[in-house]
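Heads up, the next two complexes both have chain A, just with different partners, chain B and then chain C.
And now, the complex of A and B:
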């Protein structure tokens, strides 16, 4: 029998699955054996079944700027990514350290601002950040917790070293795919799943709930938690509904809430019910028309007053976006040393800050070999991959960089690690990244064994963002 | 000087509105040059009023009116003592002392553009006309000269600009109200690297005819190194003295607008504002002091 793995040729990158000589790595041996025993026809059958299940469940991802209509299923790849226990320990240590440092940075930058006076990071970079919320200066969130939920994007370079590519400390999404992918993959490979017995993901909603409950204002005994969604047109609306259901909390929109005497209430059929913690998936700019965008209909008037008075916890806190601004990113290792007195567990990708004239020069001269990113953008939008760009595109970016240097950074093009992925009738290597999620309460970071692996489905593509034609994989994190 | 100030703001809505949330910058500041001895904010319809200090150390009040209403009235009454003496120019000082001030790094927000203070070509042309101060130039004299230039070239005209006028518009039109004069002067300062901020407050006209006395007034303050924050009123081309009452400071009008809010319902409203700034006459002051003395006597 011809196996679908027969023609798998490792990529010219760090191959997660195969050693340099082509043999599977130890923690992939079982998977290799299972795949070798599956015929192409059987495999095709499993793929079709899985896609049917996902469509039926309504796991969709809204892609903005997509002319073909908004809802689209996020392609799911049937081959699971497997992470060994020792590697996960390393990753989660690094993620936890990073989140603690970023939270300390936010507490400082909206408080005493010592980090600026000590010149660890230029004030100009912080104050010019689109996401630096001046209204949040001097406002202390309950327990000084800013980053209740974060997703840290991690890649592996050609040597297999895990590096942090970017931090997401505003409203990172992806958890719904992790939960759904697991449900589906369990069915597709029940025996293989039992043999690997990866750490569970379905306790995530409970752990998130615990973290949110712990974040409630100190005076509250049994906090009422709700999820604030921008509504059905938001790309992650599916995730908001899924989390609300699995956490057993209300899903609300701005119009369902009202602020009276600095206290937030939900309008329910039995009258007003006080809300203590809002897991808000609405961006800072839209949460309160009184203080932020006046024409916002997604938020709640007076919400920021309730927050300032300490009567409601907003998760994440207001103003976290300055910490994941791409121009701040190069300073995160220094922030880890400054606040924690530790060496970073996970290194950054080398980054050139275009606001610095010497570095900008380097960027402009080496554009074909660099990735240029807009500091305020996310989701793979507004970026230029030098090696895949035309002369015209590079000229356009150069003009934009010269006009607003602060808005750009550049990084060397890193060949992301590759992983076996279903491509038509075969399995071929495709580039992947990893987004672990972290939950912060007080000084404790919980890094559940839920990580979102994204895969660039186009051959050779290094952009894994779901908005840019990426797909996802179930990620099996092994116990010791 | 002692002042009694009454500031009444009234909105009428052609059709009822609800869930209105309002914030007010109406409480005069207390600092080393003036002291607010009494402050009272009354709101109609009645509601609970909350207060907090914002990041510029302004005392801000806010309140919500949730039921339907077709009128909102906010009356702020305050008594203020000013003790800065007549407005006179501070001592001359080289601009270098501003540039080399270590505090400069912390004044980022007063050196860069803000919502109503944007840089533009017309502004640069005006700055070129006035001349940017060099390191050895007297920055106090420059600040006075910039104020004087605006005062001479710009027409005070309530009809030409709206509340949302930009600096560029004001410079092009060479006209505006006190708010625009202040924004332009602030923009000139920031453009040439001198920190500047917006002050809202009141001016007591007295015997001299002062512009802006019938409503909220606004002027500019520049950070002049060792001299500290120095205020000048480009609308009347005068240094800030005893006849001025400072209410709030910020980057521009947006940070300190006296009354602003959001509500659900009607798309329009009719606004009326009345401001009365009364100085206590020497006799009245004497009477008041006599009363205080008697009270103290009784307490003993």
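And now, the complex of A and C:
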């Protein structure tokens, strides 16, 4: 029998699955054995079945650029990514440390601003951030928790070292794919789980609920929690419904809420019901037309006043976006040292700050070898990969950098690690990244054993974002 | 529960029910047209009336395929089977967090199934099977709602939506009856309401058309009779408000109570005196009003308190 693994050739990158000599790494050996026993035809059949199940379940996202607003399933690759216990311990320590430092940074910049006086980070960089919210200065959220939920994007370089590529501390998404991918894979292909015992992912909703309950205003005994969604046209709407259902809380839209006397209520069939904690999946700019974008219909008038009066907890807090601004990112290792007195567990990717003249020159001279990113953008939008760009595109970016240097950073092009992935009839290496999620309450960071692996399905592509042709994998984190 | 959610549940149930009822109506009409070709044109016109649709110009050329196109597939009308399925699914998306996986997948599956079809793909020989699948899935939806959702307020709004739409359909079918209609017409009417076997069991020895019509209007035990549906709505409203049966706490309960009373105390002779068509028309209008007062009671645009 011909197996789909027969022709697998490791990538010219760090291959997660195979050693340099082509043999599977120890924690992939059992998976390799299982895959070797599955015929190409059987595998193809499973792929079709799984895609059908995901469509029926409606595990879809909306592509904004597509005028028809089509729902698509996020391509799901059946070959799981496996992370050994020791590696996960390292990642989880690094994520936890980073989230604590970023939260301390937020508490500081919206409070005493000591970090600016001590010149750890340039004042102008913070105050010029598009996501720095002046209104949030002096507003202290319960327990000083700003970043209740975060997703830290991690990659592996050519030597296999885990590096932080990006912090997401506003409204990171992806958890629904983690939950659904595991569920679908278990049903459709139980054999893949043979001889592995990955840590379960299904307790995430309960842990999120616990973290949100702990964040309630201190006077509230049994808090009413709700998830605020921008609505059915949001690309992550499916995720909002899944979390609401699994957490057993209401999923509300802006029009379901009303604020009276600085208290937030939901409009129910039995009158108004008070809300204590809003896990909002709506960006700061849209939560309250009285303070932010005046034409926004996604939020509710008066929400910010209710928040400022301490009558409702917003998760994440208002203004967290300054901490994941890409121009702040190069300073995060310094923030870790400053606030925690520790060395960073996970290193940053080397980054050039275009607002610094010397670094800007370096960027402009070396564009074909760099990735240039807009500091305020996310989701794979607004970036230039030097090696895959035309002279015209580079000139366009150079002009934009010279016009607004603050809005750009650049990084060397890192060849992300690669992982066996189903490509047509074969299995071939494709580049991947990793997004673990962290839940913060007070000083305690909970890093559940759930992580989202994205895969760039196009050969050689380094862009894993779902909006840019990325797919996902089930991620198995092994117990000790 | 959220008013928006209650409203979406209500419309979701109404639209699934309507899709089921229309699919059955078209199937039954097509089957009867085979036996009574002389009367077929008339019966198709009747189907448009029941569906609340204008008769397309191409009706004269090919009554059957025109009806199929308009009543089943035309998504622009908002009244067709395909449009109802689309609206129901849209509602389901908006309340997805409230639904069980089973109920959601059922609606989503129905939507994906209908969207993938067209008159050409179904073909003349596949119509009955296609309509049957829609009915089956719509009925499975009802069963899954009953068997997997908690019977709380959310479920009561589903029950109200389903019962209102069912009562409207029965009243519209009865409204099409004329005194000189032949036996095949009232048999069609029974079939369109799923009532053939229940009526056969309930009828007296010397049954006549009037008795069948009275059964559809007044049976206390047949689930698609006007009376049965009105009772369902009334009970659901009282469970929502907590008001004791026989009293009313708001305008919608008052409206449902009135309808129940007029059906509880009517008999076959009253139908004959008023005329079945007129009777059905009057009750149908009252049910529409009831629908409006439920909307203003439970889904107000501006909250009262």
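Brief remarks on what is shown
Please note the rule applied: the second predicted complex is superposed on the first by the 473 of 480 C-alpha atoms of A that agree within 3 Å, B and C clash if a C-alpha of one lies under 4 Å from a C-alpha of the other, contacts with A are read in each partner's own complex, and residues count from 1 in each chain.
Just so we're on the same page, a residue touches a chain if its C-beta (ideal position, glycine included) is under 8 Å from a C-beta of that chain, and two chains touch if they have at least 3 such contacts.
The model shown is predicted, which means the values in this text are computed figures rather than measured ones.
The superposed arrangement places chain B and chain C next to each other on chain A without a clash. Once chain A of one complex is fitted onto chain A of the other, the partner contacts of A:56 are limited to chain C, with no touch recorded for chain B. Put simply, the three-chain overlay gives an angle of 90° at chain A, taking C-alpha centres for chain B and chain C and rounding to the nearest 10. Contacts of A:305 after superposition: chain B is touched, whereas chain C is not reached. Once chain A of one complex is fitted onto chain A of the other, the partner contacts of A:187 are absent, as it touches neither chain B nor chain C. In the overlay built on the shared chain, the residue A:45 is in contact with neither chain B nor chain C.
In the superposition on chain A, contact is made by A:258 with both chain B and chain C. In the overlay built on the shared chain, the residue A:23 is in contact with neither chain B nor chain C. In the overlay built on the shared chain, the residue A:195 is in contact with neither chain B nor chain C. Contacts of A:134 after superposition: chain B is touched, whereas chain C is not reached. The minimum CA-CA separation between chain B and chain C in the overlaid arrangement is 9 Å, rounded to the whole angstrom. Overlap of the chain B and chain C interfaces on chain A: residues 258.
Contact residues of chain A toward chain B in the complex are 116-117, 123-124, 127-128, 134, 137-138, 258-262, 289-290, 294, 301-302, 305, 308-309. Of all the residues in chain A, the ones that touch chain C in their complex are 55-58, 227, 232, 237-238, 240-242, 244-245, 250-253, 255-256, 258, 266-272.
Touching chain A in their complex are the following residues of chain C: 1-6, 90, 93-94, 96-99, 101, 104-105, 108-109, 112, 153, 157, 240, 298, 303-305. Interface of chain B with chain A (complex): residues 19, 21, 23, 48, 50, 52, 55, 62, 64, 66, 105-106, 108-109, 112, 261-263.
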